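See structure below.
Chains: A, B, C, D, E and F, in written order; residue numbering restarts at 1 for each.
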Amino acid sequence: MINQALQHWRAGEASLGAWSNLPDIHLAETLARMGFDWICFDLQHGLMDYGDLTRLLPAICGQPVTPLIRVAANQPEQIGKVLDAGAHGVIVPMVNSAEDARRAASACRYPPAGTRSCGPLRDAMIEGFNYLATANEQIACIAMIETDEGLANVEAIAATEGVDALFVGPMDLCYGLGLAPGDFENPVFTAAIERILAATRSAGIAAGMFGYTAEMAHMAINNGFAFASAGTDISFFRSGAQQALTTASGEQNDNQKKAVY
Amino acid sequence: MINQALQHWRAGEASLGAWSNLPDIHLAETLARMGFDWICFDLQHGLMDYGDLTRLLPAICGQPVTPLIRVAANQPEQIGKVLDAGAHGVIVPMVNSAEDARRAASACRYPPAGTRSCGPLRDAMIEGFNYLATANEQIACIAMIETDEGLANVEAIAATEGVDALFVGPMDLCYGLGLAPGDFENPVFTAAIERILAATRSAGIAAGMFGYTAEMAHMAINNGFAFASAGTDISFFRSGAQQALTTASGEQNDNQKKAVY
Amino acid sequence: MINQALQHWRAGEASLGAWSNLPDIHLAETLARMGFDWICFDLQHGLMDYGDLTRLLPAICGQPVTPLIRVAANQPEQIGKVLDAGAHGVIVPMVNSAEDARRAASACRYPPAGTRSCGPLRDAMIEGFNYLATANEQIACIAMIETDEGLANVEAIAATEGVDALFVGPMDLCYGLGLAPGDFENPVFTAAIERILAATRSAGIAAGMFGYTAEMAHMAINNGFAFASAGTDISFFRSGAQQALTTASGEQNDNQKKAVY
Amino acid sequence: MINQALQHWRAGEASLGAWSNLPDIHLAETLARMGFDWICFDLQHGLMDYGDLTRLLPAICGQPVTPLIRVAANQPEQIGKVLDAGAHGVIVPMVNSAEDARRAASACRYPPAGTRSCGPLRDAMIEGFNYLATANEQIACIAMIETDEGLANVEAIAATEGVDALFVGPMDLCYGLGLAPGDFENPVFTAAIERILAATRSAGIAAGMFGYTAEMAHMAINNGFAFASAGTDISFFRSGAQQALTTASGEQNDNQKKAVY
Amino acid sequence: MINQALQHWRAGEASLGAWSNLPDIHLAETLARMGFDWICFDLQHGLMDYGDLTRLLPAICGQPVTPLIRVAANQPEQIGKVLDAGAHGVIVPMVNSAEDARRAASACRYPPAGTRSCGPLRDAMIEGFNYLATANEQIACIAMIETDEGLANVEAIAATEGVDALFVGPMDLCYGLGLAPGDFENPVFTAAIERILAATRSAGIAAGMFGYTAEMAHMAINNGFAFASAGTDISFFRSGAQQALTTASGEQNDNQKKAVY
Amino acid sequence: MINQALQHWRAGEASLGAWSNLPDIHLAETLARMGFDWICFDLQHGLMDYGDLTRLLPAICGQPVTPLIRVAANQPEQIGKVLDAGAHGVIVPMVNSAEDARRAASACRYPPAGTRSCGPLRDAMIEGFNYLATANEQIACIAMIETDEGLANVEAIAATEGVDALFVGPMDLCYGLGLAPGDFENPVFTAAIERILAATRSAGIAAGMFGYTAEMAHMAINNGFAFASAGTDISFFRSGAQQALTTASGEQNDNQKKAVY
């Protein structure tokens, strides 16, 4: 297997992804054809679970987009199970220490590098047992930094063997830093971001950002993040529907409209 | 029961709806809270079927939005079944003659007004048997005009007892008129639209339009249609995602962006 | 295969069934163990469709209860498909003429007795090809009498080769007879019931009744019906919940209660 | 958001709930309209999981009934995930110590009151970000007392900051006390109940009881419990079906029946 | 769009397909990678319906295998709906006359060639509106010959404009010819096969065979059929399981086994 | 309840099972009728989760096959939940110490033998409360030995009260022993197998083997294992499909084929 997103990060090529909270197969199919580098299916906060994944991952297979999964918790069996279903990488929430990071990385890799249990169901279906030879190298382990404790240990986390990237959860990080949720321009928050970026640079790994808005994603890439999510399926849907409602209601300037029938 | 959308049409109040092609419960929940007057779940071309409806309709129940269903064909058992599941109206494709219109209207009404079979499962669950006393008056039967034959018979269709509205399917109507799909500014097309509007005015019923775009919906309302769909869930999603990708890529003018963290 | 319910009818043994409108596997499992002779899954008015059947029928297989299906309409492909999924009989709505009856019976039987297409998927899974040798004899074709036209032709319908039973739909029959829905004590209704019973006696086939209430089912059996439904899953659930709420609220006489902890 | 059930408890108004073990949307819709104050969907012993919840919670949204979830275990990610899906409270099994209670309460509250991770998907869909301002106050954390260890620590558990109620699991408590399951009248059991009630009174929080029967629920309310479940969906269904079968079989006195057709 | 299977037929290249009766996504994913030229999902006799298709078709999209659907009946709305979901061709059962054939072909093509209604949901998602320009040419309409009436009219059916292939249903054809099911070596059966092959050669279209066994498929290809199904998913599964059970039981000669641990 | 497989093990009768990775109801129904002694549904590596189990277990209930579940991890709430859904035994991965074994066994048994929480939903539905009297004796707790640590502690694990069998995971054991995955003939591996067998003999419990192939299962039984899986549903399916494709392609000797039509 080849993890396209990981190749981009290793090559220093910034890329954008999409965040999926809804278990609709056809939303996933659509996203997979729009130019995002990766899609992250969210089992922590998203309205989906493992059973949904087994239907979503086949629907984007064969398209040039890397499937990532955010697991609900740093539990080896959860990480192993989503990898067996075909994920190319896992985003692990609430990684607060080097010990947490080792636990996550270990769950992503077969022995002797780690402790992943062997049973790569969909991967073997797709690739045969070549999978076993390449998985340890290609699976991405992505640790979320989103608490004050995680920030305090960020350099050790970034330096942990087997961690491929750090990923910022901005809302939880606000809470963790004692800020109001969404206070992303607070100097305390921006200093935290700088520290996380510095830690990834020192460790030679990638930094990623959950883009709370598309503007935030753009700024993150400009500031040195290797990857960011441009939004969630729900946000895409809602903004598109709101725009259509505004247009259809004529609340925009009618002058700009051309005849349509 | 009260059919809110039908009340609006009867009161001459123009309104906008949304078209649902995807069977995701949470997309439906979101749509139901955005200000659309009605949502039409599409069993003809949409990626959903009756089983999906049984999950979608409860998810929007209690919100101020009227559930309409486009059935796959003018078949009484299909019409009866979606009404039993809680639809407040049906959009019937390919109504080409007064006989077609009578068939559709009859399937929507209990005897002696029609031939609907009695078994209003979800309706009775929600309202009890008051439902039987109000359904014939409140259920909307909406006939699609989308072929040359339908256009030729539009006045008779509009005048059929029990038909509450006509609804234009613009792509099929293009095909039916021998035009290229999407040639909505062709005089042949616009003349057809005028004839349909005139037929509804004469018959004292409402006219509706499938808005191929939000602009088209706006124009339809401006031109006298009582209702129009502002877009589909897929189109909302795709346009929102495209916009986010553009913004996050920085392809828009960076000057307009404010700091976000 | 052996159709237990049909054997009972042929032996003149009255029996009770349950009506299923909800696609929950565990409700069906529970029903299958309570002593009902048959369960009818309703694809006409019930909140379920064919996909649900494929999950419900395996869940009651192996229990001593006969699976019947009410199809949405008298369409050969619908009848064939539910038989292929493992139904032992079909209840066909709105059989209004001998021609309707022949159409239904033909769809239930392989040539030369009928025109059922060969592909008994679940049946063959369960029994192997012994199924083909027994199906024509064991599959029950049950015609609903529920309109004035059906009543007018009831003797010819009962006498149609391949019809195994008639089944009364009382609410639709009220409508069809010009009565208020539920006016089951009206002499017009009771005379219709007598005529239907007489027609089945003459033809030597069974008569069945949709029991709108358990009392109605009891009376039907007492009056000569071979089978009746004692209620629906929704009615069972609602009455049990209402009873529990009353008891828990203490609205019943507290004197009768014994200590429970 | 407003948690109706919690308001009732805080106001000292006793209330009854229903327990849901089956993932059928329409059972839930029916329950939501019958007058129960709350419905608890059971992810510990019920035949449902998180994916079912995502379909069940929308189906009762908008009805005046509070959605509670019993999680399978006292795991923060499980608690967070069901809250994100729209639960207004969690019932946490096997809370055996103040430490267990703190763990549960922390998972229910955003920092600084707790450690809940931010991502209220359905809540935000329904309310927007007003949710974040009210959730910590309105989400109910309900700790189950159902072991000997839990009983031994019940006063400390009740006094734990953030615990809103205790809830008795009577079968497990029998086992935990070395009693036969169901021996609810044993003095050892009744003494335990009194101790739990006393602990809640001292702490100023509510006490709840899983009503093994409706009679048990009634007695619990009479004895000072603020809330109790009147039964489970399976018990409602089974008792209603049994009653109908008895009635239809004529095993009850026929004299009391009136004509039904 | 390009219909790979149709290209093979037009080029005179014989090919093998697989028949899918089970709605499991991962069986479909596996089949799509094994070298079959096409997979036919069976909505007539298979244990699946349209809702399943919406999950199965995305799972094989992107693999070099052509998705065909057998519809339950020759109904335009059924044909249109499966094409909208992404089928590249439809197999239509019980085509008994040239009129039947015209009805099927018309449902497969947009005007003016036919009467397909416009709404190619998944196709447009995958290809954009290029789909509309190519669909009429690439969609395959495949008529089943499986009754005596169909055989009597086979030359007219084969010559019908828009029919791309004939397909033999051998079990139904046995029944239709008055033979025992499975009597495939009866001269009456083999003569029918020869007549069907001759009709396709005269009309310049392809002939296909439902392979009741893999041997039958092989013989069909040898005898001039352009395509045949090598078996069904259920038959593949059952024969593989039976073989494994035999091997594991040691019922085969132990001498041939090599050590495995 | 009676656990048929456990009776066989206790009686010293070797038996074969099947491994299920796919959540298809009809595959399970088919397997249940083929002569396997047990079916293990795999929640660790299989493409299924708990929600699937609730549909799969009813589909095999009533057939003479014992339902086992491999849980994803040695977590009491996972074990309890699958038992409540009707499993007769659990296979627990990665049991590495006597402490791990005690944890697993405790989760399988009601107090005082263990700590299983009471709520046997499907079991009680099927058997009533007789279940509680028999479950502790009949539920099988099966501990997997598949790491070097587990091997080092195998005698203590086998001797743990409440452990009914050990089960070898050969691929993980290879990894754990520092061997290449699949190196089952390596003396290090075969010595490990001998040690595990000896431990079970000493403890008087059964030994089981995951049969990576049917040949491996056969050899395991020959070498003293009480039970082995003959293959997985995916392997059965793939080998059957491959065989059919080979046959239909004529790649086998045509001489051996008899006429089929």
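Please note the rule applied: a contact is a pair of C-beta atoms (placed from the backbone, for glycine too) under 8 Å apart; a residue touches a chain by one contact, two chains touch by 3 or more.
Everything numeric in this text was worked out from a predicted model, so none of it was measured.
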Listing by label each chain that touches subunit B and subunit C gives D, E
Labels of chains that are neighbours to subunit D and to subunit E: A, B, C, F
For the interfaces A-D and A-B, which has the higher count of C-beta pairs in contact? A-B
Give the pair among D-F, A-B or E-F whose set of contact pairs overlaps with that of B-C by over half, matching residues by number. D-F
Subunit C and subunit D have mean C-alpha positions lying a whole-number Å distance apart equal to 37
Any idea how many Å lie between the Cα centroids of subunit B and subunit D? 41
So which bits of subunit B are touching at least two other chains? 23, 26, 30, 47, 49, 51, 54, 121-122, 125, 234
When you draw the chains as points and link the ones that touch, which shape shows up: line, ring, star, complete, or other? other
Pairwise chain contacts, counting only pairs that touch as defined: A-B, A-D, A-E, A-F, B-C, B-D, B-E, C-D, C-E, C-F, D-F, E-F
Taking the complex as given, what residues does subunit E use to touch subunit A? 25-26, 29-30, 33, 54-55, 58-59, 61-63, 121-122, 125-126
Touching residues (chain side subunit B, partner subunit C) in the complex: 49-51, 54, 75-78, 80-81, 84-85, 110-112, 117-122, 125, 132
So, in the complex, the side of subunit F touching subunit A is made of residues 21, 23, 42, 44-49, 51-52, 72-73, 93-94, 146, 169, 171-172, 175-176, 178, 181, 234
Please give the residue numbers of subunit B that touch subunit A in the complex, ascending. 16, 18, 22-24, 26-27, 30-31, 34-36, 47, 170, 184-185, 189-190, 193, 211-222, 228, 230-231, 233-250, 254, 257-261
